[in-house]
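First comes the structure, then the notes that go with it.
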Amino acid sequence: MSHLSAENVSVSFAGLKALSSVDLRITPGRISGLIGPNGAGKTTLVNVLTGFQAPTEGTIKLDGAALTGLKPHQVRRRGIARTFQGGRLFRDLPVLDNLEVTGVGLGMSRRAAVAEAEAMLDWIGIGALGTRIAGTLPYTDERRVAIGRALMGRPAYILLDEPAAGMSALEARELSALIRHIAADLGCGVLLIEHNVGLVLGLCEHIVVLDSGAIIEEGPPAAIRDSEKVRHAYMGTAANTDLPVLEAME
Amino acid sequence: MLQILFDALSLGSLYALGALGIALIFGVMRLVNFAHGDVIAFCVFALLWPSTDAMAIVFAGQLPWYLLVPFVLLCGAGLSVLCEIVVFRRFRQANPATMMIASFALGFVIRYFLLMLFSSRPKSISLLPELSQPVEILGARLPLLQLITIVTTMVILIGLTLFLRQTRFGLEMRAAAENFSMARMLGVRANRVIMGAFALSGALAAAIALIFGAQTGTLDIQMGASIMLMAFIATVIGGLGSLGGAVLAGFLLGAASVIMQVMLPIDARPFRDAFVYGAVILVLLFRPQGLIAARGTKERV
Amino acid sequence: MAVAASLANSTAAGAAAAERKPARFALARRTILTPVLLSLLLLAIALITVMTGSRPLNQTVIDVFVRVILVVGLYIFIGNSGVLSFGHIGFTCLGAYAAAWLTINPMMKRGSLPGLPEWLLATRLPYWQSAVLAALFAALAALIFGRVLMRLSGIAASIATFAMLAMINTIYSNWESVTGATSSVVGIPIVRVIWPYLIGAVVAIFIAWAHAISRSGLALRAARDESTAAAASGVDIPRERLVAFVISGAVMGLGGALMAHSIGVVTPDTFYLGLTFITLSMLVVGGMGSLSGGVVGVVLLSALIQALRWLEAGVSLGESTFALPKGVQEIALGVIMIVILALRPSGLMGNRELTLPRSSRNK
Amino acid sequence: MSLLALSDITIRYSRLTAVRNVSFSMDEGEILFITGPNGAGKSSLLRAIAGVTPVAGGRIDLAGHEITGQAPENIARLGFSMVPEGRDVFGSLTTEENLLVGTGMHARERGWRSRAADELEAVYATFPMLKERRHGQAGLLSGGQQQMLVIGRALMTNPRLVAIDEPSLGLAPNINDQVYERLIALRAQRQLTLLIVEQSSARAMMVGGRMILMRGGQIVLDGDARTLGNGEAIQAAYFGYEDH
Amino acid sequence: DDETIVIGFATAESGFMEAYDKPAQEAALIRIDEINAAGGLLGKQIKVVKADTKSDRAEGAKAGLSVLDQGADLVVVSCDYDFGSPAALAAEDAGNISFFLCAESVKAGIQGVGPHSFSASVLAAVQGATMAEWAFKEKGAKDFYRLLDTWTAYNKGICDGFDWMMPKLEAQGAKLVGEDTFKNEDASIAAQVTRIKSLPKEPDAIMLCTMMPGAVSAIKQLRAAGINSMILNGSGVDGSYWLSAVPDLTNFYVPVQGSIYGDDPNPAVLKFNAAYKEKTGADPSSQYVFPGYVMVDVWAKAVERAGTADADAVVAELEKMKNEPTLFGPRTFTPELHHQNQTRYLIVETKAGKPGVVGNWTISEPVPMEALLK
């Protein structure tokens, strides 16, 4: 079966061990969660998976073939997309062109890229933003554009780094519906990094918990929610999960 | 051998001083200040009385050194601060290319202003002639001036580093450099800080002007330009924002130049600069962040 | 619920895309007005000049057209990549000397440039053929330098391009038998008709436009804004930069060749810092984010310079003549540039293109 | 007299009006949450108070001084401290240098060095992770670590009023709790006034205080956080239509 | 056109070249005034038109076209070959005569511009050759060192003349003990100085092929390092305006066409200097004022002899001039060379900071074309 995996990945930065022997597997159509305290190594793991950071040890494999050593754009061309913790939109370009760039980067003609970009914006529900200059968008819209950009060319995998940060519970709820559709309708394998625990618990089939670069727990949402280790290292009061609101709405 | 070392050090010192002046401004404003060379020229011409005759009419140039040096330093600092207030202040939010062209245009204005007052003719002056005496150290004979240049550069470098590292002013300056409006939100009086940096940079330009004037005896409107260019290169290969790097690279460029001059066969010697610039490209390829990458030039994803 | 509703009747993005492909050449059709208008502007200038019949004005306008070519060449690389290049005038130098090598009378060449290879010594081409070859030669050099330099970005790339310029300059200033070193190379046929220069400028404008709307141009502009995200979007940044570098190198080479034919002499120091900064200034003052910015920058600054020269030479106001003192022209030019930049930090055109008012859609 | 008073504030970005005639005031020691959907103008409002975004109309008063149009550094010197959205850490400075930048404005006062040292220890106590990285380059910190840093930095200057644009942004849940604990403690200790843009109504409910809801650049609701946070009213106000 | 004869100056009135163009142009105007006062040329007054090249080549071409448009019969172009040639080419294109004010490269003439172009000065190579031969013959210099500033063709021209002369002197016992190069704008020539100092014995003479402003810097650094050899130069460093930079400079030699120091053996030169001072308010600053005067002088003679200002006729007359006497030495033009490849030079020695004429020298044979075109 096809999959994207990190095997035994370690990363150190001048003495600081950001990841130690991490294994992770993402499969198409499935939403996996990655949570953990600040500085646990979540973003670093995404960087390793997408070619932005060379692992000190270990390999990245796509369907069993090693990806290690590929440049970010090469990784993207193999169908592994990501978003960033900050928006990192092309601020001077219109929203539509933001999406088109990925199309072009993947080798589409501009004509095809425009067509897909327009369809994609509509699909996400932000078709009206097409001509706005990306740099003037408010935070939440930025996030959605970033997701749209990553989805261009229908990647097999998409890695979302804190897509709900700064969203209200209600906005997060829309986002969660969107992510579900990405997995179900587009068949993407999704890796979701979030500090909104309610969102992660509600969406993911499988959750991995990192702490200080190592996996301390993994399993289905229920198991994670009940894990004493996770609660101790990471969870806080209910105020952080916005769970009551979410549950009330679903 | 030792002689060559001193030759390299003294040429390197000039570049290093120039690089410091540029790195300081780049540090606070992300501005590559192409007017720096013209500030140097201005300081040099501050020694003379305006006249378009071939013969120079000496003005400040005949003051005793203890008055002359502060006077020229003040001229440099003053002009530099004036440039900040009148021009660069309006470009705080502008992109680097715009600022650079503005600085170039400003340099142009200063240059033609000098040209109007002094004509394009290079002027000659005997500046601090006592510094042309040769002295002997460790068996190498070199003009006293070279020695003074080397020592001054070292002292300035150490002083400046301490100043920026250890004082509040230095910290605020570096913070303002990185994010101007955030620094202001933290109560940093950023305009003053930047003016301070310009004053320092102008004083450094003046120091170069003095050394250059004393060494060559020639005052030429173009003279700042070539130093400025080398200094700019030194700033970048040293590692932008790293003052130590700028100085190191300045010395290395000086050394490279002197060593090429000594080593190359006569027919290849005119191509000396091509080799030096080739080396610059190589250094950049292997260390794009510069020899001493300043903190913060590394960006994480 | 709002979201569910919007998603319910939407098909997967790919499928939707197939139905909605825009018309062929839609983008080209939407944006072609810009190069057409710019060309018409230049044509109008040329026609007026020819009508006045003044030889100095003719020469001035030829100069303007050559600058247009150079600045457009700069725009192709700098405008799209955001990397400030100090080295492009090096390609102009290569183009100018190539044109000299190809067009000087073989007799003279044997005397003044004996180091050239025999086939080149024997060649003598018409200027337009040599201009094309000069452009290709510059492009080849850009390809070779670019393969190395385009790995760099930001200010390191700027300095590296400058180092390239300095190397070219040093070599051309000293390679006696091939370039005549610092002394002027003469015998280049002088072309004093305006049309070839106009054609050159129009060709440059259309090349720049075609590149800007190409996939490569878009990818490069994205990388300019956010290189990390561009890489994550599949953009091979060094490659796209190289493409622009080579194309712009060719245009700069073309400009160099025409420049050689407009003055009739070449020396290495014509193609050094002075020209570098003048052309960069024109680009930035016009607005380096758009093609129109480059062209408008050249035309307006040149007009300004010319106007100041007239003032300096003296204009009669009724009884009295008014003349600026010598040197004030340059000072005024510098001051005006600073003022323009202070008021419009992204240049006169901002990042917009020249179009007719109603079709002012952003490209 | 109120510590902060905004009257009739309007903010424009070229054609777009982001904030329209907004007025409110805060008393010393008060805690005020601002919430509202994407693009409501919350961040713009905070930036206007800080003096980094110009206002197109209206007047702002802080601690008895009119600060409309004042330079940011002067506003900061009146005791206003701000954590902007999207963390502006000084990436090239070390963690500790970041924390110290703002303390310079007290350099005229006696004993400021030792006070700064105390504050530093207090911040490290709240965020031990920062202490571990105190001499490391701030730009290399993880997203959440940077968020801790900017919150800590805003507290270093001993402000009277702290404005935080989305404190929870990128923070792990337990850290987020700690941030609030610390803020509430400071409020109790030194009458610190808090102006917080917060998307989590659950959080606002838990902490209590006053809450303003903005939409389309205007204030649409103003009331007690505990009662507003849970109501139907807020949902309706949020989307601008009655539930369907 | 029928009433006047027009001389067009396409020269630099601003920028870098102005310092050279302006004085020579003033001298030319003095000669023009003299001619006009004496009744003009062919009975017509000479009218002067001007266009500023701004020390820029592209502007130079425009300036040339501009004076042609104003009907110039003679186009006077910038002193330097590189800066003057665009305007000269414009004149050549139009079939008009052009005269470089003081260019000293062989290209300033037939070899560069074409058959209607002339230079009013003397070849740089003659300067190098003159200094070498004079130093050997008159001062007994044996060991020569050659230091070339690669900046301009003028500098190289001096050294070319020196190189052509050296083998002849070597046959008589002279020796080239070393050579080196530098760049005019070099901030320091310490490395070059060190190379000279490491010679087993200080050379008798250093042939310094350079010009302003780098020359001053080089001389100062040589002396500051304690090198006391004779320093031989081209005419480019003539003038006392820079001597204050090297206090008490001694053992320093320059060839000049005429002396500005009040000691020229020819009283007519003294008269000219006075006229120049009267016109401009200052003494000539270097010998480069003189060629401007010579230029109008020989051209006017040719026009008178041809009986017309028509270019081809005037060229033909100019080419007949052989050792035509002028205030500043004899002048010769031939159909092969529109420049001086052998002429009398005064030698100026600077001693304890005071320059003065110490002799004159004419090289034993003209510098041949091969040496010039090398």
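Chains: A, B, C, D and E, in written order; residue numbering restarts at 1 for each.
In this section, contacts are C-beta pairs under 8 Å (C-beta built on N, C-alpha and C of every residue); 3 or more make two chains touch, one makes a residue touch a chain.
Because the structure is a prediction, the values reported are computed rather than measured.
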| item | value |
| --- | --- |
| Set of chains adjacent to chain B and to chain C | A, E |
| Interface with more contacting C-beta pairs, comparing B-E to A-B | B-E |
| Distance from the mean Cα position of chain D to that of chain B, given in whole angstrom | 43 |
| Centre-of-Cα separation between chain E and chain C, whole angstrom | 39 |
| Centroid spacing, where centroids are CA-atom means, of chain D and chain E in whole angstrom | 75 |
| Residues within chain B bordering two or more other chains | 115, 270, 273, 299, 301 |
| In chain E, residues with contacts to at least two other chains | 14, 150 |
| Multi-chain contact residues (two or more partners), chain D | 140 |
| Inter-chain touch pairs (all) | A-B, A-C, A-D, B-C, B-D, B-E, C-E |
| Chain D to chain A touching residues, read off their complex | 13, 16, 35, 37-39, 43, 85-86, 129, 140-145, 147-148, 166, 168-177, 199-203, 205-206, 235, 238-239 |
| Residue ranges of chain E touching chain B (in the complex, touch as defined) | 14-19, 55, 150, 179-183, 185, 187-188, 190-192, 194-195, 197-198, 212-214, 216-217, 220-221, 223-226, 239-247, 282, 285-286 |
| Chain A-facing residues of chain B, complex | 301 |
| Touching residues (chain side chain C, partner chain E) in the complex | 54-56, 58-60, 63, 111-112, 173-174, 181-184, 186, 190, 192, 259, 262-265, 267, 269-270, 313, 326-327 |
| Chain E residues within the chain C interface of the complex | 13-14, 51-52, 57-58, 60-63, 65-66, 68-69, 81-82, 85-86, 89-90, 93, 105, 107, 111-113, 150-153, 156, 373 |
